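What follows is a pair of complexes built around subunit A, which joins subunit B in one and subunit C in the other.
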Partner chain A sequence: MIYLQIAANGLVLGGLYACIAVGFSLVWGVLNVINILHGTFIVLGSYIAYFAYVHAGIHPFASIVIAGGVLYALGHAIHAGIINRVIAAPVLITLTLTFGLDLILNNAMLVAFTADYRSINLARPLGTLEIGPVFLPGDRVAAMALALLLTILLWRLLRDSRIGRAIVAVRMDREAAALMGVDVKRINAITFGIGALMAGAAGALLSIIFPISPLNSATFLGKAFVVCVLGGLGSVPGAIIGGIVLGIVESFGSYWFGPEHAVTISFAILLVLLFARPRGLVGRRGYE
Partner chain B sequence: MFTSYLSRRVAAGIAAAGVAVLPLLPAAAQDAIKVGAPLPLTGPLSPEGLKQKRGYDLWVETANTKGGIKAGGKTYTVEIVYTDYASNTPRAVQSAERMITDDKVNFLFAPFGSGATKAASAVSEKYGIPMIAPTASSAEVYDQSYKFLFGTLTPNETVSEPIAKLVTENKPNIKRVAILARNDLFPLAVAQAFEKAVKAQNLEVVTFERYAIGTMDHAAAITQMRAARPDWVYASGYINDLILIRRQMNDLGLKPQILTMIAGPAYPEFAKTVGPLAENITSMSWWHPAVRYKGKDVFGSTEAFNAAWEKKYGGEADYVDASSAVDGAIIQLGIEAANSIDPAKVRDAIAALDVETFYGKIKFAASGQINSLQPPVFQLQGGQPVVLWPPAIKQGELRFSP
Partner chain C sequence: MRSWIVLVVVTALTAALPLAGNNYLLRLATITCMYAVLAQSWNFIGGLAGYPSFATAAFFGLGAYVSAILQVHGLPSVAAWGCAGLIAMLFAAFIGGAILHLRGHYFAIATLVVAEMLREIVNTTPHFTGGGMGLNLPIMRMSVGAQAQFFLFAMLGLSFLCTATAILVQRSKLGFGLRCIQQNEDAANVLGINTYAYKTAAFSLSGVFVGMAGAIYANWTNYIDPPDVFDVLLAIKPLVMVMLGGLGTIFGPAIGALILIAFEEFVWRNFLTIHAAALGFIIVVLILFLPNGIVPLLRERVARRGASP
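What follows is the complex of A and B.
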């Protein structure tokens, strides 16, 4: 019976991992930019939700809109103003650039918010649902459901909207897209903005689960990395599948081998996968 | 050859310029004692590093405003040389060494925690510079027969045995204990000391799980603990780990009669962050603002220290703050007793200290670790720490959760 609980733990965690990773995956897949800022964007989203809750009583789930909007604007501006200048350079250049920007933004947050851990204690938490022997933490499940909903919305956006098709076109072939009249610079900035928006929204959702501190950004970034490589770059379903696989593997791995080995196991699986299926579980060339 | 000749010329030139300038410097600049403090001012340990810094700063301010330190007929002011090692232990060791060789510090404060302190102690030993550690409690730090390392947290047993006795005396039907420890030098060592202490009281340890540094999810471990039906849950780690563990225990319905966590509840921000879930958590602390000691140190008494703290920072100091401040006071007591700032003489004077301070009695074992304190046991009740032990400063009774 304990296996049901462990599977449930893994699913809930996996949904959150998917949400952490999807924006990162999009930016990497479409722009070929490894956005080291991603973890810091998530934490910034959490802070927005925290201050909105503490000062205005806005539920963190409602703050998704605020955090997403602010982060979109920030991401768009950072890309249009800074990253676009070196977007055609090799991936290492943009990686170094986002690494430097991350140092600046993260340390600015340390100065502004201090490293102290904060946390949102909801006035009316959803409590715990008990389904037979399985305990489901209400707020986590709700956050996971919203995260999946957002991810699916992003997927629909990419498939069904003009902007979405343009993003996909740029991902598939930058030159051809430009020849077809797509404004590649604009699409790049929008894509980076959407990546930041997803990070901000994820941050708002995670604010009710994890303690909030600028120090968490590296942990989020690390998870995003693993999920992307597991699932396949630039693919929304890939992020969902990668996230859930990682969540379940960590959950069962902790149970069987002890929690100190959970990370080792997930990275071991990552290595095996890189060897056997370097495109990721559902990754493929081109796009859906 | 040419470059070494050149650099010798340059060095000679600088030395000559130095000799020329030296007599013009004000006397005060020569009579400063430099203490090096490598700290994790950024990175995951920065909350702890900033606490240490606050303690040192208060000591420096107090020592300097009270007229500095007198030794060998001279009066010295104190100055701290800080570096940020960004929570990266190898860099802590490098900065300690650089402080000795380049900054010419007279004394050192250790970096944060048992692991980094042990690593840096090799450097202080090599150069014969006394290093005082405010936040290293694990016996493994002091087992190298080093002469220049001193620490002001008592061994982990002293924060484990009293609570084991207190709980079994208050409620004999508590039998099953589950332990969750961060796989890191101090948190693991303190959890093992706790395991030994509860076994000595004939309690049964039903699970002992370790989690990796940086773990984001404790659901699997908590599920496993819940299946073992513990009466008493013990979790070790740092503040962010413990916040997450407490929340997930609640999410997953793990509700023991007694919950003990270390080291986090001793910091005022813990109860604030965890909110109502902090209620009834027990913990231990090497020092508590409720203790009352009269001392020969620069602060004079616990009340005076508390007042100085309140004035400079607002609120109450926790054990990291106080231990850091007393480490400065110990260097000062050592210099005054040796009547010299010679590191070897001050080292001998510190080793021989047997003195009351605002922090409690200071006396070091041969290993260099303090052995003269009784760390209090406390419980968070109504968001406030209430001291349960030792009886001399007891403020309330141990409560159990239903």
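What follows is the complex of A and C.
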């Protein structure tokens, strides 16, 4: 019975991981940029949700809209102003550039918000869900459901909207897309903005679960790495599968080896997978 | 030949520093030598072969811990430094064998994760490594001034060794092969270069000296803990220095180290709370406005001035 509980915990965690990683995966897949800023974007989303809750009483779930909007604007601006200038450069250049930007943004957050851990204590928590022998905290389940909903929304956006088709076209073939009349620069900035939006939304959801501090950004970034490699780059279903696999592996790993080894296990899996199957478990080309 | 003369002269001048300077100056010179080792080592894999490696922090931390643990168990310092270098090299060869078939982004992520994983392993084995509490090294029975000189000579010797290796490699078949790999790996393969062996050699070279630098650093500070020696900035700074000094050159990394140290000292003195942002700012400016580094820019200026009158 305990295994059922662990699996359920892993599933809940996995949904959130999928939401953390999907924006990172989109940016990597379409722009060919490893966005080191992603973890800091998530933390910024958490802070927005935190302050909205503390000062205005807005529920973190409602703050998704605020955090997503603010982060979209920030991401779009950063890309259009800075990253787009070197978008065609080799990975070393773009990765180092986002690393530098991350140092700046993270340091600014440390100065503005201090390194103190903060957390949101909801005035009216949703209580505990009881499904047969499994007990789950209601707020976590709701956060996971919203995370999956957002992820699926992104998938529909990419499949069905004009902008989405343009993004997929740029991912498949930049030159051909440009010849078909797609404004590649604009699509790049929009894609980066959407990646930041997903990070901000994920941050708002996570704010009710994890403590909030600028120091957490590296942890979130690490999760995004692992999910991306697990699920294969640049597919939304891949991110969902990768997230859920990581969540379940971490839950069982913590149970068997102790929670302090969860990170080591997930990174070890990443290295083994990169060695054996660099395209990921369900990796394939195209972002649909 | 010119490279050798420059190397010997600069090394001799640095070795004469204790005659003139105080301990603060010696400390700065020691860090500069350490940074030069990190940058020069990164240049083997990142500058010559063009592989975006972020594994410097992993080798540094590994060397520091191997040497510290050996010394806690009674091995003399210098022997422990040698073991640290050897283990860092073997580790690099082993990891390299597993991840050097990856290219671009996947390789970068794999190398970033290696350091994180080592850090977590150290954190979770406290009976062996001291865990998050860190590890104290045996105290050296030397005066403060003697210690400052001792560690300057140690780091200087290491950076001499590392730069000498770089000069030899750049002129050897290995260096030529690595440059071919950077330009077009598939073509290099077709021409009969064993790219896998060459890359593994470059990656091992980028590990051995960094491991020893970590080992000397551990003795120098007498205390190490995981966030310090596995700091991701240790993986970023080398490539910043190499970019500052110019990719793929022999003395570029050392010049980059000097520039970065001068900048860091300035920032640490005046704007302590935003030193990370200041480094980030340098990176952004460097990439957007000085993609070829400072040295080629200066050389161009000098050449133009020489031509105009």
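Throughout what follows, the second predicted complex is superposed on the first by the 286 of 288 C-alpha atoms of A that agree within 3 Å, B and C clash if a C-alpha of one lies under 4 Å from a C-alpha of the other, contacts with A are read in each partner's own complex, and residues count from 1 in each chain.
Keep in mind that, in the parts below, contacts are C-beta pairs under 8 Å (C-beta built on N, C-alpha and C of every residue); 3 or more make two chains touch, one makes a residue touch a chain.
Nothing here was measured: the structure is a model prediction, and the numbers come from that model.
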item	value
Combined model on subunit A: subunit C and subunit B, fit or clash	clash
First (subunit B), second (subunit C), both or neither touched by A:Glu260	both
Partner chain(s) touched by A:Tyr117 [first = subunit B, second = subunit C, both, neither]	first
Partner chain(s) touched by A:Ile34 [first = subunit B, second = subunit C, both, neither]	second
Touching partner for A:Arg165 - first (subunit B), second (subunit C), both, neither	neither
Contacts of A:Leu95 with subunit B and subunit C, given as first, second, both or neither	second
First (subunit B), second (subunit C), both or neither touched by A:Glu250	first
Touching partner for A:Val229 - first (subunit B), second (subunit C), both, neither	second
Touched partner set for A:Asn107, first subunit B, second subunit C, both or neither	both
Overlapping segment of subunit C (options 59-67, 131-139, 185-193 or 293-301) - the one that collides with subunit B in the superposed model	131-139
On subunit A, positions contacted by subunit B and by subunit C	107, 110, 258, 260-261, 263-264
Parts of subunit A lying in touch with subunit C, wherever the complex brings them together	28, 32, 34, 82, 85-86, 89-93, 95-97, 99-104, 106-108, 110-111, 218, 222, 225, 229, 258, 260-261, 263-264, 267-268, 270-271, 274-275, 278
Of all residues in subunit A, those that touch subunit B in their complex	2, 5-6, 9, 12-13, 107, 110, 114-119, 121, 128, 130, 135, 137, 139-140, 209-211, 213, 215-216, 219, 223, 250-255, 258-264
Partner subunit A, residues of subunit C touching it in the complex	46, 50, 52, 98-99, 101-102, 104-106, 108-110, 112-114, 116-117, 120-121, 123-124, 232, 236, 239-240, 243, 273-274, 276-277, 279-284, 287-288, 291
Of all residues in subunit B, those that touch subunit A in their complex	42-44, 46-47, 50, 183, 209-212, 214-221, 223-224, 227, 239-240, 243-244, 247-248, 250-253, 269, 273-277
